[in-house]
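Chains here go by letter, A, B and C, matching the order in which they are written, and residues are numbered from 1 within each.
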Amino acid sequence: MQVSVEKIAELLNGSIDGESGIIVDNLASLSDANSSSLSFLANTKYEKHLYGSRAAAVLANEEFVPKKGEKTPIIIRVEDPYSAFAVVLEQFERSTVIAKKGIEQPVYLSSKSNLGNNVYLGAFSYVSDSVIIGDNVKIYPQVYIGENVTIGKGTIIFPGVKIYANSVIGTYCTLEAGAVIGSEGFGFAPQKNGSLKRVPQIGNVILGDHVSIGSNTTVDRATVGSTSIESGVKLDNQVHIGHNVTVGANSGIAAQTGIAGSTSIGRNCMLGGQVGIVGHLDIANNTQIAPKGGVMSSIKEEGRVLLGAPAMDFAHTKKVWVVWKKLPEMQKRLEALESMIKITNPK
Amino acid sequence: MQVSVEKIAELLNGSIDGESGIIVDNLASLSDANSSSLSFLANTKYEKHLYGSRAAAVLANEEFVPKKGEKTPIIIRVEDPYSAFAVVLEQFERSTVIAKKGIEQPVYLSSKSNLGNNVYLGAFSYVSDSVIIGDNVKIYPQVYIGENVTIGKGTIIFPGVKIYANSVIGTYCTLEAGAVIGSEGFGFAPQKNGSLKRVPQIGNVILGDHVSIGSNTTVDRATVGSTSIESGVKLDNQVHIGHNVTVGANSGIAAQTGIAGSTSIGRNCMLGGQVGIVGHLDIANNTQIAPKGGVMSSIKEEGRVLLGAPAMDFAHTKKVWVVWKKLPEMQKRLEALESMIKITNPK
Amino acid sequence: MQVSVEKIAELLNGSIDGESGIIVDNLASLSDANSSSLSFLANTKYEKHLYGSRAAAVLANEEFVPKKGEKTPIIIRVEDPYSAFAVVLEQFERSTVIAKKGIEQPVYLSSKSNLGNNVYLGAFSYVSDSVIIGDNVKIYPQVYIGENVTIGKGTIIFPGVKIYANSVIGTYCTLEAGAVIGSEGFGFAPQKNGSLKRVPQIGNVILGDHVSIGSNTTVDRATVGSTSIESGVKLDNQVHIGHNVTVGANSGIAAQTGIAGSTSIGRNCMLGGQVGIVGHLDIANNTQIAPKGGVMSSIKEEGRVLLGAPAMDFAHTKKVWVVWKKLPEMQKRLEALESMIKITNPK
C-alpha cells in the first residue's frame, strides 16, 4: 500500500508543517524506519530517536515542538499519536488481510451452511451443518467450525482456530491462531469408588462484537446456559476461561490468566498476566488486578486496584512487601528485644 | 433427542410426583429453562430459582420438599441430582457426537493402519503408518496421529489434536481441541561453550482408560521409557505435563497447572489451577493442592491439603497469611517496643 | 536403526571393556531396557539400576568402576554420558524424522513459493505466496506458513504449527506441535468511551538458528520492528513471548513462563517454569530465575540467581521464607513482649 503524507494527514484530521507529496509504503519505529516509512512519537521520552531518524514522516502530538537546529522527518500533528498510528496500521492491514476473498480448495463446506458475501475460506477449513457466516468474514486455513455456529460480519479467524458446535461469534471479532472456543469445561462428579465421573457440558459460548481472542486461548462452553465474553473484550494469548464465566464489556485480560468456572468479571476490568481467579466469584466493574494476582473472594466495590496473591489493595500489598523483604532482619530485632527483656525481667 | 419424563425417571432409578407423559428435548439451568427443558436442583441454595422456573421437569434430592403453595416443575427424585444430571447429559451427547461415523474426504489414511468398526474420521485428519484405532473411536477433523499410535475403543478426539508417534491412548478417553500428546520434552545438555545441546527424546506417552485431556493441554513424551497418565485422570485446559511424569489413577488437575519432568503424582490427587510442581518429586496419593500452589519438595504423607507458594498445610498457610497481611502494623509495634525498651534500658 | 556397540563407541570417542560385535536397535533407561537396548548411567545415584539391567550396553563415565562381582551390560566409557546419549538419540531420530521427504497430497503450495532440496511437506499443510523454504526442511501435516516467511535449512516443523506472514525462521530450528509464531500482540489504545481500540501489529518475529519452540508456545510479532528469539534459545511448552521481546542467545525458558511486551532477556539466561516478567524491562545476561518467580524491575547485574515473587536474590528469599513460615509464632512472641513491657512500664 502506497499513500501520500497529505492523504494520511487528511485521514487523521492532522496538520502538516509544509508540503511534500512524499509517498510512504511502510510503518516502522523511529529507529527501524527507512526513507519511505511513516513512524510515530507517542512519548517525548523517545524524542532523541526522532532526530536522525530516516523516516519520511512522523505522527506527533499537536503541541510538540522539535529542538532548534535538529533535522526531523515531516511532522504530522494529531491529537493522540498512538491512536492515530493505530488507525493507519489498520488501513495497511486492511490492504492485506481484508482483501482476501473466495473459497480455496480443498475445504469441507456443508451444503447446509450459509455463507455471506465477500467471505474468505482458506484451504483445509471445515464448516459443519447449519453454520451461518456473515458478510466479509475471513476464515484462514485449517479452521474448524462445528454445527450450528453463527459468525457475525467482518470477523477474522486466523489459522487453526477451533470453534465447537453452537458457539455464537459476534461481528468484527478477531480470533488468533490456535484459539479454542467452546471446549468442554472441567466438570465431574466424584463417585463413591474414588473415580471422577465426567459431566458432559451442553451449554455454549457467546462472544459479543469487537472481541479479540489471543493465540492458543481457550474458552470453555457452559455446562448449561452460556459462557459469555461481552462486546469489546480483549483476551491475550493462552488465557483460560472456564465454563459459565462472564467477562463484562470492554475488559482486557493479559496472557496466561485463568478464570475458573462460574466467575463473573465486570465491565472495563483490566487483568494482568498470570492472574488466577477462583470459581463462583463476582468481580466488580473497573477492577484492576496486577500480574500474578490471586483472587479468592468476590470484589464488590468498583474501581479497586489489587496486587499480590492473595490479592489486596495495591498500596497495602506494596507496604506488606517492604516489610516482608526485611523479615530476617525483623526476626533479629525481635530476638534482641527478647534477650533485653529477659535481662530486665529476670525470672 | 426427545424423551419422556417417565423414561428419564426410569433411567435414573428415580421417582416422580404424579404422572405426566411430558416430553423434554433439552437440558438447561433452572433460570434458562423453557417449557420442554429438564433441569436440576443439586444445592438447596438455588431453591428460589425452582419456583417460577419454566422447566418441564427438575431432578431433585430424594428428601427435597418444595415450599407450600409454590408452583414447581415436575419433580424427579433421585439419590444424587448432580450425578443423575450427568447421566442424562451423556445420553443427549451420545445422540450427537457418538452418532458420527464414516470417513470424510479428504483424509490421509495410511494403508498400513488398522481401523475398527463404527469409526468416525473427519476431513483433513492424518493417520500414519502402523496406527491401530479401536471400535467406535471418533476422530474429528484436522487431527494428526503419528506412526505406531494405538487408540482404544470408544475414545473421542476433538478437532486439531496432535498425537506424536508411539503414543498409546486407552479406551473411552476424551481429548479436547488443540491438545498435544507426545511432544518433545525440555531436555538439553549445557555445553562448555554456553550453548544448550538439544537431547532428542525417544520415549512415549501412555494414557490409561477414561482419561480426559483438556484443550491446548500438552503432555511431553519421556526421554526414554514412558510419560504415564493413568486411568480415570482428568486434565483441564492448558495443563503442562513434562517428560517422564506419572499422574496416578483418578487424579484431577485444573487449568494451567504444570508438572515438571520426572515428577510422580499419586492416585486420587486434586490439583487446583496454576499449580506448579518442580521436577523429580513424589507426591503421595490423595494429596490436594489449592490453586497457585508451588511445590518444591516431595509430599510423603497421604491425604495432605496444601496451600501457597511454597506450599504448606492449608490451615497453617491461612494463619501465616493473616499475619502477613498485617506486617506493616507488626513492624510498627516492634518499633514501638524498641523505643520503649530504649527508655527502660538506657545505655 | 541397527548399529553395533563398537560403532557407537567410535562415534562417541568412547572406549569399551572387551569386544562384542553386539547390535543395539533401541535406546532405553536401565530399567526399561531389553537385550538389544543401549542405555546410560549419568548419575551414580542410579548405579543400582545398572546391576541386573537387561541392556546390551550402557554409556558410563570414564572413571566409573562397577562393584566387584556385579554383572553389568557392556560398558562404553565416555567423557559425559548424558551428552553422549544425546548424540546417539539424535542419530536414531535422524533415521526416522530426517528420512522423511517429498510432498504429500493434498497440500496447498503457492506457485510463488520456493522449496529447497530434500524437503518434506506433509498433507494439509499450507504454504503461502513468497515463502522460501531451505534444504532439508521437514514440515509435518497441517502446518500453516503465511506470506513472505523464510525458513532456514534443516528446520523441523511438527504438526499444526502456525507461522504468520513475514516471520523469519533460522536454520536447524525445531517447532513443536501447536506452536504459534507471529500472532498479534496485546496492544490497544483505551478510548474516551471506555472501549479498547485494537492496535494492529505490523512487525514480525525473527528466530535465529538452532532455536527450539515447545508445543503450544506462542510468540507474538512486534507492533513495528521485530520480536527476536536469538540463536540457540530453547523455549519449553506453553511459553508466552509478547510483542517486541528479545530473548538473547542460548537462553532457556521453561514451561508456562510469560514475558510481557518489549522486555529484553539477555544471553545464557535460565528461566524456570511459570515465571512472569512484566513489560519494558532489561534482564542481564546469565540471569537465573527459579520457577514461579515474578520480576517487576530490570536486572542490571549479570549472573544473579533469583527466587520468589517479587523475585529477590535466591539466598535472601530462602531466608525470608524461613521467617515467613513462622509468622504466627513470631506474632505470639511479639504479643508476649508487649504484655511484659506493659508490666514493666505501667501507665
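One rule holds in what follows: a residue touches a chain if its C-beta (ideal position, glycine included) is under 8 Å from a C-beta of that chain, and two chains touch if they have at least 3 such contacts.
Keep in mind that this is a model prediction, so the values were computed, not measured.
Undergrad: Quick check of your reading of the touch definition: is the inter-chain graph here a line, ring, star, complete or other?
TA: complete
Undergrad: Give the rotation angle, in degrees and rounded to the nearest 5, that superposes the C-alpha atoms of subunit A onto those of its identical copy subunit C.
TA: Fitting subunit A to subunit C on C-alpha atoms yields 120 degrees.
Undergrad: Roughly how many whole angstrom separate the Cα centroids of subunit A and subunit B?
TA: Here subunit A and subunit B have centroids separated by 26 Å.
Undergrad: Counting only residues that touch at least 2 other chains, which ones in subunit B make the list?
TA: Those would be 106, 124, 142, 160, 178, 216, 238, 256, 274, 309, 324, 330, 334, 337, 341, 344.
Undergrad: Which of the residues in subunit C come into contact with subunit B in the complex?
TA: Touch residues, subunit C against subunit B: 27-29, 31-32, 39, 80, 82-83, 85-86, 89-90, 92-93, 96, 104, 106, 122-124, 140-142, 158-160, 174, 176-178, 210, 212, 214-216, 232, 234, 236-238, 250, 252, 254-256, 267-268, 272-274, 291-292, 309, 321, 324-325, 327-328, 330-331, 334, 337-338, 341, 344-345.
Undergrad: Taking the complex as given, what residues does subunit B use to touch subunit C?
TA: For subunit B paired with subunit C, touching residues are 106, 108, 124, 126, 142, 144, 146-147, 160, 162, 164-165, 178, 180, 183-184, 186, 188-189, 191, 194-202, 216, 218, 220, 223-225, 238, 240, 242, 256, 258, 260, 274, 276, 278, 294, 296, 309-310, 312, 316, 319-320, 322-324, 330, 333-334, 337, 340-341, 343-344.
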